[in-house]
Amino acid sequence: AETVKIGLIEPLTGSVAYNGVSAVNGAKIAVAERNAKAGENGVKYELVVEDGQCQPSKTVSAAEKLIQKDQVPVIVGAFCSSATIAAMSVIEKYQVPMVSGISSKSDLTERGNKWFFRSAETDGLLAKAFAKILVDQLKLKKIAYIGVNDDWGRGGISEFSSQIEAAGGETAMKLYFDHGATDFYTLLTRVRAAKPDGVFVAAETQDGSILVKQMKEVGLESQVFGVGSWATADFVKLAGEAAEGIHAAVPYAYTIDRPENKVFVKEYQEAYNELPGKYSAAGYNALNIVMDAIERAGEATPQKIRDALPATDYKGPNGTFKFTDKGQGYGFDAVLVKLHEGAPQIVDRATVTPE
Amino acid sequence: MLEVKGLSKSFGGIHAVQDINFTVPKGQIVSLIGPNGAGKTTCFNLITGFYQPTRGQVFWDGADVTASKPYDMAQRGVIRTFQKTNVLRGLSAFENIVHAHYLRDRTPLWRTFWRAPDSRRVQAEIQESARAILDLVGLGKRQDVEAGSLSCGELRLLEVGVALGAKPRLLMLDEPAAGLNSREAEGLGGLLRTLPGKWVESLLLVEHNMHLVMQVSHHVVVMNFGKKLAAGTPAEIQANEEVLEAYMGTAA
Amino acid sequence: MTHQNESEVLLELDNVVAGYGNLVALHGISLSVRHKEVVALLGANGAGKSTTLRTISGLIKPSAGAIRWKGQGIAGSPPEAILRLGISHCPEERHVWPEMTVEENVELGGYLLNSKVELRRRKEIAFHRFPRLRERARQLAGTLSGGEQQMLAIARALMSEPQLLILDEPSLGLSPRMADEVFDVIREINAHGVSILVVEQNVHKALNVASRAYVLETGEVIAEKDSASLKNDPELLNAYLGG
Amino acid sequence: MNFERNAMAAFLVIAFLLGAFLQNEYLLHILILVLLYTILSASLNLIVGYVGEFPLGHVAFFGLGAYSVAILSSPDVGWPMLVTIPLAAVIAAVAGWFIGRITLRLNGPFFVIVTLAFAEVLRLLASNWIGLTNGPMGISGIARPAILDWWPWLHGKRGFVMMGVVLTAFTLFVTWRVVRSSAGRAAVTLRENNYVAQSVGINPLRYSMFVFVVAAFLAGVSGAYYATYISFVGPEVFAFPFTATMIIIVLLGGKGSLVGPILGAVIVTLLEEYLREFKEVRLSLFGLIVMAVVLFAPDGVMGYVRRRFPIFYKRASHA
Amino acid sequence: MFDLFLQFVLNGLVNGTFYALSALGLTLIFGLMRLVNFAHGEFYMMGGILGWVVTSQLGLDFFSGLVVVVAVMAAFGWLLDRFIIVRVRDKGPEPGILLTIGLAIFLTNTALLLVGTAPHKVVAPVSNAPLLLGPVIITKVRIFAVAVSILAIVGARLLIQKTKLGRAMRATFQDATAASLVGINTASIYASTFALGSALAATSGMLLGSIYVAQASIGGLISLKAFVVVILGGMGNFAGAILGGLILGVAEALWGGYVQTGTVDMVGFALVILILFFRPYGLFSIRAERA
């Protein structure tokens, strides 16, 4: 049978490797699923994974290598928006389509690069969907924002704060910390002194879990909510009791009640002995979208795949994915979860719609 | 040429040098001697600007050069060697001396990228001079040996060579004969005597080898506990009871 | 200590070959030091004197030949093992620890001692021998003058009260008077039964304390004579050592 | 010494020919990386090999060069490459002068860490001075230099290769001249023994400073080249991975030799790409290989060559 | 307002102690042995990861776990020195730098392979319930950790300054030839120092891992801070290391508290630049070099 190679660029080393690896794990599940179904004469897929280290230069190298050496007709990746931007010029030059399931910087799809697709929510879309609900449900007036000092953290905070302000919330302060910081006492002392009703946090598992733990330690009792891969088992394990009652706006939680998700969670658990998180689902979805497109295209050439991508209509664990003309995904769900007794409970659900 | 006036230096409570005066006239070899810890090396460091004097002045050709930078003194023609051997260990003996010709070699920085028309000639000249100096100090056969693997005594000779490479007007040697045997020291003495007038204008010598000192010096200054104890011709010094008592032991 | 015969050979080098990396500096050196004897090692610059001493004390491993201490082969043993046997080496170029005080330097000379009392006694002797060091007990050794450092190095080497003391140019950098004193010390400890192997550039001083001398040239022993006859061998003296 | 000059010339000719005839863009990409790293590590080598100090913050100048190009060629300013690249290098050199004034008074470990401190401060500035640098989001879409489109032959990557060959030639010429000049000899004297240097009349600061500034200038050139080629610049241009790469290249190639950085750049770039085959274990392997090289050739490949084949390597002063 | 200030200062002091502790191993290996050890942070990381393995995976309590980790890491450091570092010992600083960079790359990525990228939890020795001390808040486990840090630092200082072993170490690093001539087994001193340095790094990794998390990729960051601390305090000076750590901790806390949290990391580097500008050899250092 024919074997189609798909390139995947994620950070496998460096500061966000943890999340990058989750994405690769999810992607592998998707490919395994398809290959199992393919039978004797169906198309087989082969995943070629490259480490982009979340660095533009390494990501460009990886993209060059995938396209030139491995001759992949399509790429999934990269993780950090800055790395994705760098790769975007490479794929445009070679005219190879690329789907990112993760990079959240709003303007990626606004750059007129017709080879680029994003099967993920942007910070802006997520903020639009949940800001009002959050303010109303949690009865928040004064909000402090804490975010990791990178493109994603800053992006998330600026989108959410403006949406929340529009919904009547007041901004007490915006504080940033560097990725990998371990001690947040000073920052939290400042937040505590401002006596906010709620604290919005944009942080990934490792920083986030330490942060919420220390919130309890310094006696900060405000409501905590935010964005990041919080609806995961790891997060709960690391944060311990401190995780109780936290709200998070996420595109995916393993508790989402959909048949597609049940299958995904089961397979993922079997394969890795852990529950999937936001990035696992992102990797899984992006691969499925790409493989759907390949099958629709009938022929695995970059041009054909590119042409097939806009017609995407993929039912994933967290809803149906479609693309706008600009390649921005929509139609899928994002959920607001509350961590309770160690599991993310779904509080609300919104469908991501194009702006 | 060199005049030292009231030079003093203390380290914490230790008065290493106190109120030292002497001159080194042109064409002469002056020796600075004294017991261990008398302050001779410290004097060297004060004159060449490695230390700042606590008090006192240094004059060179009549100009006050107190506390000038070491390289500044070198550029004025005052070149010294060190008591604790200092050479360019990673380079060969020959390269050591070539590199010592810095002042001859020196060009404006922009010349780095645009070679001067006479640069080849200058280089050839330096190489030739380096070879001559190596032969002079008796390391001709060892020219390609890395300085780091020379024996102690050879290093002392190389140091003298390096100092000569810088074309000093006043050459200041700190115990050049330490580590040389009597015969070699004698050889060095012979060499030192020929230097003034030919290679250098004058010479200031610190040395414990009395034989050498008495053989070459025109004038001897004796220090003890940081102070000047006596000064005079070698003959006068050898006859000075105080000096004999403090310094000479049975050697004189 | 067992009673030892005056003529018993303490240290013996038999055809020792050693060097640095690819460079062979000693081409088969043979020499011996007997009990209670002072032996001088003479030779021109770069003859291999220091290398010989370093080989004995274990700083350099010989590539061939044997070194025997009281009949036991010790070639290739590490320096601390050799020191334990009773051989102490005061190296060329002083090698004091610059960022330790004079007192610490001296005390470390008795590193192998376990008794504090004994250590104090020996330190007292050292300071008695070199009063300048007592004055400067708290000064950092690196700031001492050259000669003071030399005294310190000798004092340190004496701290282990060895049976064989190896001195590499002990008078280097010392004033004539101080050098005399150091040679007096050498005589004194020799009188206490310590054998001494000394490299010294000042041939007269060396031959005044030594009973025998070896003359080295380019890594080979070219002569072995007792001091009296060497003093009367102007040819040899002139050729290699200077009058 | 002629060996070094010939080797450098040969490298440039080979790079040019490969650029002219290779069709595979991936290989051209690798070639560009080799050229980029050659420039960068040749500049570092000037300091490590000829001043004898170890700047951990050399990446500061690389980053400054990259950001300068990014900002100066952005639509707001919009200067052409022929202006921005030299200007970027000058900016890096000015920073080198400033940083050198402070750091070159120090030596050994203090120098190592203070230079690192400067690089880190710049990195943090780059992530926080959003108005100028766009913070962690970085500056993207740096335009392809118009000059590369004047001649169709220079389409695609070939243009960048040729640009790299020119810049590398310039860099190698500069380093070669520095090393062979009176200033270079003074720097070596300083490296070997500061006391001796001063006592033969060398003003230590003047020459370490000169070499430092030249090195900063060249690092700026490499940063500018990087920014132009990758077309994106973010705070990571000041980060440790670049530092690690250039250190490895310089020491692996052999410090204090002009050919060292070239060899190092070729080896490291090819090795990094080759090791992609090994997937997850590739960086572990890379670490092991680096360690192995140190153990077997502690003074780098050129150090090894120098020891084994001294004929190739006649000492400078004999030439 | 004043309460806030107190809290900042306390945060800074606690953090500063932790900085001093995590730099302790480096003070030995870099400050004393003069080996620019880029793998220091990786030793710290190994302490944390091993701590996780022995407490969370093997179920030991913190203290028995610590004993195991210290033993393993000391042995690791010892072997590393005896078989690898020796070979670059007298070859100048660069081979050491390159070697430890290679080692750091290897250790980080091998750890990533073995235990993955996820953060891991080290079981804490005491509870992390908050404690109110007047107006300021601290947790029990932090007090405990501060106590351990102070003990470790004081212990290390006494070891180096007062014991025979410490003297032998200093002698070896200042002049190894002389050291071996007075009977010091220099090879074993080097190895023990390296072992001790690794064990100290691992101890701090495990202790702090129980307060924060243990993670395979933390090394680089730890190394950076530790270098800053060692340089601030003066090379190889333990009192200096404490002070360097405290200064860094308090300065960061005040900067973060009153100026900007996003740039706290800059504080340490700015301090290093400033202090070395005025005192080129660190705050506390002795120098005995003379011309």
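Note that the chains take the letters A, B, C, D and E in the order they are written out, and that residue 1 is the start of every chain.
Criterion: contacts are C-beta pairs under 8 Å (C-beta built on N, C-alpha and C of every residue); 3 or more make two chains touch, one makes a residue touch a chain.
The chain lineup, named per UniProt: B = Amino acid/amide ABC transporter ATP-binding protein 1 (HAAT family); C = Amino acid/amide ABC transporter ATP-binding protein 2 (HAAT family); D = Amino acid/amide ABC transporter membrane protein 2 (HAAT family); E = Amino acid/amide ABC transporter membrane protein 1 (HAAT family).
Here the structure is a predicted model, which means the values were calculated and not measured.
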Chain E reached from chain A - shortest hop count over touching chains: 1
Farthest-lying chain, centroid of Cα atoms versus that of chain B: A
Selected pair, greater C-beta contact count between A-D and D-E: D-E
Averaged-CA centre spacing for the pair chain D and chain A, given as whole angstrom: 36
Distance between chain centroids, defined by C-alpha means - chain B, chain D (Å): 41
Distance from chain E to chain C - Cα centre to Cα centre, in angstrom: 42
Inter-chain centre distance, chain A versus chain B - centres from mean C-alpha coordinates, in Å: 73
Residue numbers of chain B (touch at least two other chains): 50, 82
For chain E, residues contacting two or more additional chains: 108-109, 262, 265, 290-291
Multi-chain contact residues (two or more partners), chain C: 143
For the chain A and chain D complex, residues of the former touching the latter: 12-13, 49-51, 53, 55-57, 60-61, 64-65, 67-69, 81-82, 85-86, 89, 93-94, 105, 111, 149-151, 153-155, 178
Complex interface listing, chain C residues touching chain B: 20, 23, 42-47, 50, 92-93, 132, 139, 143-148, 150-151, 169, 172-181, 201-204, 238, 240-243
List of chain A residues in touch with chain E within their complex: 12-15, 17-21, 149, 175-178, 180-183, 185-187, 189-190, 193, 205-206, 209-210, 213, 216-219, 234, 237-238
Partner chain A, residues of chain D touching it in the complex: 24-27, 29, 33, 124, 127-128, 130, 135-138, 140-141, 156, 226, 230-234, 236, 241, 273, 276, 279-280, 282-283
Touching residues (chain side chain B, partner chain C) in the complex: 11, 14, 33-42, 83-85, 142, 149-154, 157, 175, 178-186, 208, 210, 246-252
